[in-house]
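Chain lettering (A, B, C and D) follows the sequence in which the chains are written, and residue indices restart at 1 in each chain.
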Amino acid sequence: MIKVGIIGAGRIGHVHGESISKFVKHAEVKTVADPFMNEKTEAWAKSLGIQKTTKDYHEILNDPEIEAVLICASTDQHSPLSIEALKAGKHVFCEKPIDHDVEKIKEVLAAVKESGKKYQVGFNRRFDHNFRAVREAVASGKVGRQQIIKITSRDPEPPSIDYVKVSGGIFLDMTIHDFDMVRYLSGAEVEEVYAEGSVTVDPEIGKAGDIDTAVITLKLDNGATAVIDNCRAACYGYDQRAEVFGSQGCVAITNDSDSNAVFSGKDGVVAEKPMFFFLERYMMAYAKEVDEFIEAIVNDTETPVTAKDGLEPVLIGLAAKKSVEEHRPVKIDEIRKVYGL
Amino acid sequence: MIKVGIIGAGRIGHVHGESISKFVKHAEVKTVADPFMNEKTEAWAKSLGIQKTTKDYHEILNDPEIEAVLICASTDQHSPLSIEALKAGKHVFCEKPIDHDVEKIKEVLAAVKESGKKYQVGFNRRFDHNFRAVREAVASGKVGRQQIIKITSRDPEPPSIDYVKVSGGIFLDMTIHDFDMVRYLSGAEVEEVYAEGSVTVDPEIGKAGDIDTAVITLKLDNGATAVIDNCRAACYGYDQRAEVFGSQGCVAITNDSDSNAVFSGKDGVVAEKPMFFFLERYMMAYAKEVDEFIEAIVNDTETPVTAKDGLEPVLIGLAAKKSVEEHRPVKIDEIRKVYGL
Amino acid sequence: MIKVGIIGAGRIGHVHGESISKFVKHAEVKTVADPFMNEKTEAWAKSLGIQKTTKDYHEILNDPEIEAVLICASTDQHSPLSIEALKAGKHVFCEKPIDHDVEKIKEVLAAVKESGKKYQVGFNRRFDHNFRAVREAVASGKVGRQQIIKITSRDPEPPSIDYVKVSGGIFLDMTIHDFDMVRYLSGAEVEEVYAEGSVTVDPEIGKAGDIDTAVITLKLDNGATAVIDNCRAACYGYDQRAEVFGSQGCVAITNDSDSNAVFSGKDGVVAEKPMFFFLERYMMAYAKEVDEFIEAIVNDTETPVTAKDGLEPVLIGLAAKKSVEEHRPVKIDEIRKVYGL
Amino acid sequence: MIKVGIIGAGRIGHVHGESISKFVKHAEVKTVADPFMNEKTEAWAKSLGIQKTTKDYHEILNDPEIEAVLICASTDQHSPLSIEALKAGKHVFCEKPIDHDVEKIKEVLAAVKESGKKYQVGFNRRFDHNFRAVREAVASGKVGRQQIIKITSRDPEPPSIDYVKVSGGIFLDMTIHDFDMVRYLSGAEVEEVYAEGSVTVDPEIGKAGDIDTAVITLKLDNGATAVIDNCRAACYGYDQRAEVFGSQGCVAITNDSDSNAVFSGKDGVVAEKPMFFFLERYMMAYAKEVDEFIEAIVNDTETPVTAKDGLEPVLIGLAAKKSVEEHRPVKIDEIRKVYGL
């Protein structure tokens, strides 16, 4: 039984706290730390059997019983907390992205290497039953030589403009999951990006310097081409689909709904909308990612999403940003060179 | 090129006239006869290149150029016209049912035998692409030993009460197609019927001595059990589904729509309703059944739906009627004995 | 927090133990009793944080801290344990069926009434997301006046012949869930049953005096007709579908699979098989049924599946059995009269 | 009744000949011309009731009875024959593309204008029931403001290398249909293209100077972004899908199959593959496009696919070609300027 500390008791901290207590066999949360710790959060922690709550995350880092730390703080804290936790001898599960700043990610990579501890980034979709089924079809060779990969990823509703302003932009905030998916599903690396961006949802997003709609084409080093389409709003819910097409066939996944009930009536044959958003859609994936993290600790194996897996999508995101700004295809190597990678 | 005469220029006569001119390679309609022949029908015939229209069907029977006759008159005329046409040396395609009266069907069977001419009954669904795909899966052995056969057959709207009164009852008018489907899909004979009937659509149908909703269980001589559910009204359109379940798997078909477009919006994920009714749904099957009839003439092979295939569903229908009246399972042999079959 | 004892640590006892610890908010399992308690079960209980294991279920009944008991013993123990637990002042959740013997069920009903305690029967499918969506469509009036209800329920593989011999027969063992579904989905009572049974899976099941394939027609007191088809084996997995057809439309559910991935290749467009069997398919329903049981205790409301709900399907099952034996439709009132109900 | 001449009796000439005789109400084919006219073609024409066959297309152009000409010759003959036919006072239906050379298309446009005759280009997919359903959803405002348009278009197998060499390249030969679809579905014009091309199917296609796989991103003048993915080979058949996503919802179409039969067996739940290729998939669309062409003549209305609709996709195709060559986004206006448009 691995004792775990959670730093950050916001929405995603709650998700992990609950899913660990329900679904993660070899872990228990001992302590939750949050600078804004309040009675409500304390009561929640208590209801899950979590022993301790604190405003000071050092109580987690200094607790020799705690072997693993989940970093669920705000994005700007991900890299410093990662490094501090690794230096304190903890295994680290860090929410995505590690950072928007590649230099800081490099520091985390160095710290991981130095510490010899496990490090996992929270790309939850890799643990979803549907995406995993696609990956398995590809990895088993069933699809043959990969030719075209398509990912549709549309949110049900845009975040607040305040959030947009600090989000790092759509590519680092939203598409980053899809960049990870391209790497995960293909098992290949991205070489070049061309991104088209537009503002079709809310002009305020444009005023905040971001885009809300994008189509991104990626050249992979296995010869395949990937294309992602994103939108910050889809009135029918969270649209999460993917397909990999290759010489032996095409594997595709579509959305999940709360039930598969279909109503045939005067107005047509009506199925349910997709599950509303990521908390509904990926609840079990959040549990599974931590479960596999804990198993990697228990069995001393590599984590399923490494620190490098945290770095690459950021590089792709920066290339996509540059592509929109300069209106041209951008090689990932251009970005790598900037950072001496 | 087989020259064809059509007796009866009502709705189904029009269907056959048009589909022969479009789709039936080796036939052309020479003459259309209808006691109520009028200008509109004459113009329609002309537009299809049909040479002759007449009020007197004897002009068809006496025309030595005409080799085959399609009987599209009202049900009470099916058997006498069949016999007359056969005696006139014509091959006969007769709309379903041959008759509601088994004695008259027996006379037709005798006339068929004596004449040595081709005879086909208009069970159009046997020629539908979906039902045929099920039959092929069963016949090829893909489904294995048959265990359960299910047929759903619901009309979009009930016929007029006047029609109900002369229809012969739901089992001989509507379910007769499904009885034929059970025989076609299974390749087996029905041994016993149990029918539940109710009036859930329109009390006037009940007052007319009929039912509008039925669930019929049938025991087949191959050990399988079939179940048909019928309703005279389905607000979403013509509901025509089937499945055959066996030891090696289950083959199922569902409805066809005008397009496969799906709209995801605020109110759900909406597909189109099934095609409205039999003319829309089975248009190509109407063409194909006559095409195969003509091919049977040209190649001198057995017609795909024989006179016996016209008799059996009537026997099953009469057994179903008796089952509802006497509220008990009824063996087909009980009905056969009554008619000395 | 309601403290719970589980009597019977077989497969279903394990399911409830695990799902309570994971998903049931206001309950914790304090004690598990099983006459064959062994080290493995003790270790399992420990891993879930269950305090106590014992061979003697009286340690549960005599424990004043334990408010609710889950009876997961063999079927013949359901009714005596129910009565003993109720008399000991416990709320009781009892696996289905309460008993095969109506007299014993009557005793349980009397004990429930006398005790004033909560009593729930384990008809888990009522808590499944798909079946519940159908129920909601019906209850909301969306389907309109009910006309035809269809339930397909096929197991992936038959139980052992030893089990078949003590199962009470297919109607009380397997179809009982479907009888409950007809009542649940319709909100109506069954008035009459006609059942066709056959042996198409394994002749040994026939030799054991049972059937393995059945089609059952039921007349409901709301004027609708229901039809259930059952088979003890389906090579493609657990087939669990339902539809309710009414004057305003038709709501239908189909199977769930591990993922919605579809592979298009040379051999067709291939989706995954249905989930293998009830443990996979209804895992969340097992959790939800106990959760709602506990909530009924906490809020002092009626349980969602009452003792009467445990009785009715047994009466329908006995009527179905009689229907096969006497080859005729059987009214439920016939069975009621036998037992003075 | 419009009398029609067909110039070119290859595969597509046959398609039109047959579909006119079956489905096009107000037209009949009087003459078929082909320089390689042979006995087989003559017999085929006769079987359709076509009066005349000839090696010399002038017999069509000089026949005052013939009002409309279908140009089904090889691509290099499309523009000269169009001009000659227009000058001869005929309405012209011309197979796509009008030409690969924009100058020649300009001459055709001028000839159309001068002649005042009807001119239609054979973009058959606009007449397909599925694509039309998408267009109607968009045009009716159901989708709201358009944001993302996606088209998947994959052939079952590549053409011969000899064909590839004279095809004008994938963009003018294959993608041209998809460029037309983007214009048709959106009702908007394309402003800019970025195309990624690769050779993943057959290196010989690369050696012939072409690509066989492409992902093309298009900016539309309504603010939406479109993305097309193409491949010259898909082992599961002709893959023809589309979706339009907008502020009010998303409308999507998928492939058609010969039947909707689904087989559930040990290996999964298997549906049929898509229809094999364009002749199977778009048979009815070929009929409908000519029917609407004839109706435009009869009613003196604009043809549903004008000469301009024939020009625009060629410009987009040339921009796409340039985009691959120069590895950058290319504005359509760049191409327009080259040709003084």
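As a working rule, a contact is a pair of C-beta atoms (placed from the backbone, for glycine too) under 8 Å apart; a residue touches a chain by one contact, two chains touch by 3 or more.
Model, not experiment: these values are computed from the prediction.
Participant: Hey, which pair has more contacts between C-betas, A-D or C-D?
Facilitator: Between the chain pairs A-D and C-D, A-D carries more contacts.
Participant: Can you name the chain that lies farthest from chain B, using the mean of each chain's Cα atoms as its centre?
Facilitator: A
Participant: Return the distance between the CA-based centres of chain B and chain D, expressed in whole Å.
Facilitator: 40
Participant: So what's the Cα centroid distance for chain A and chain D, whole Å?
Facilitator: 42
Participant: Just the number, please: Cα centre separation of chain C and chain D in whole Å.
Facilitator: So the centroids are 58 Å from each other.
Participant: Out of chain C, which residues touch more than one other chain, so two or more?
Facilitator: Within chain C, the residues that touch at least two other chains are 234-236, 239, 248-250, 264-266, 272.
Participant: Touching chain C in the complex: which residues of chain A?
Facilitator: Residues 22-23, 25, 129-130, 132-134, 137, 142, 248-256, 258-266, 272.
Participant: Give the list of chain A residues in touch with chain B in this complex.
Facilitator: 234-236, 239, 257, 264-274
Participant: Help me check something: in the complex, which residues belonging to chain B touch chain C?
Facilitator: Residue list for chain B touching chain C: 144-145, 147-148, 150, 152, 154, 194, 196, 198, 200-201, 213-215, 217, 219, 223-225, 227, 229, 231, 233-236, 239, 245, 247-250, 327-329.
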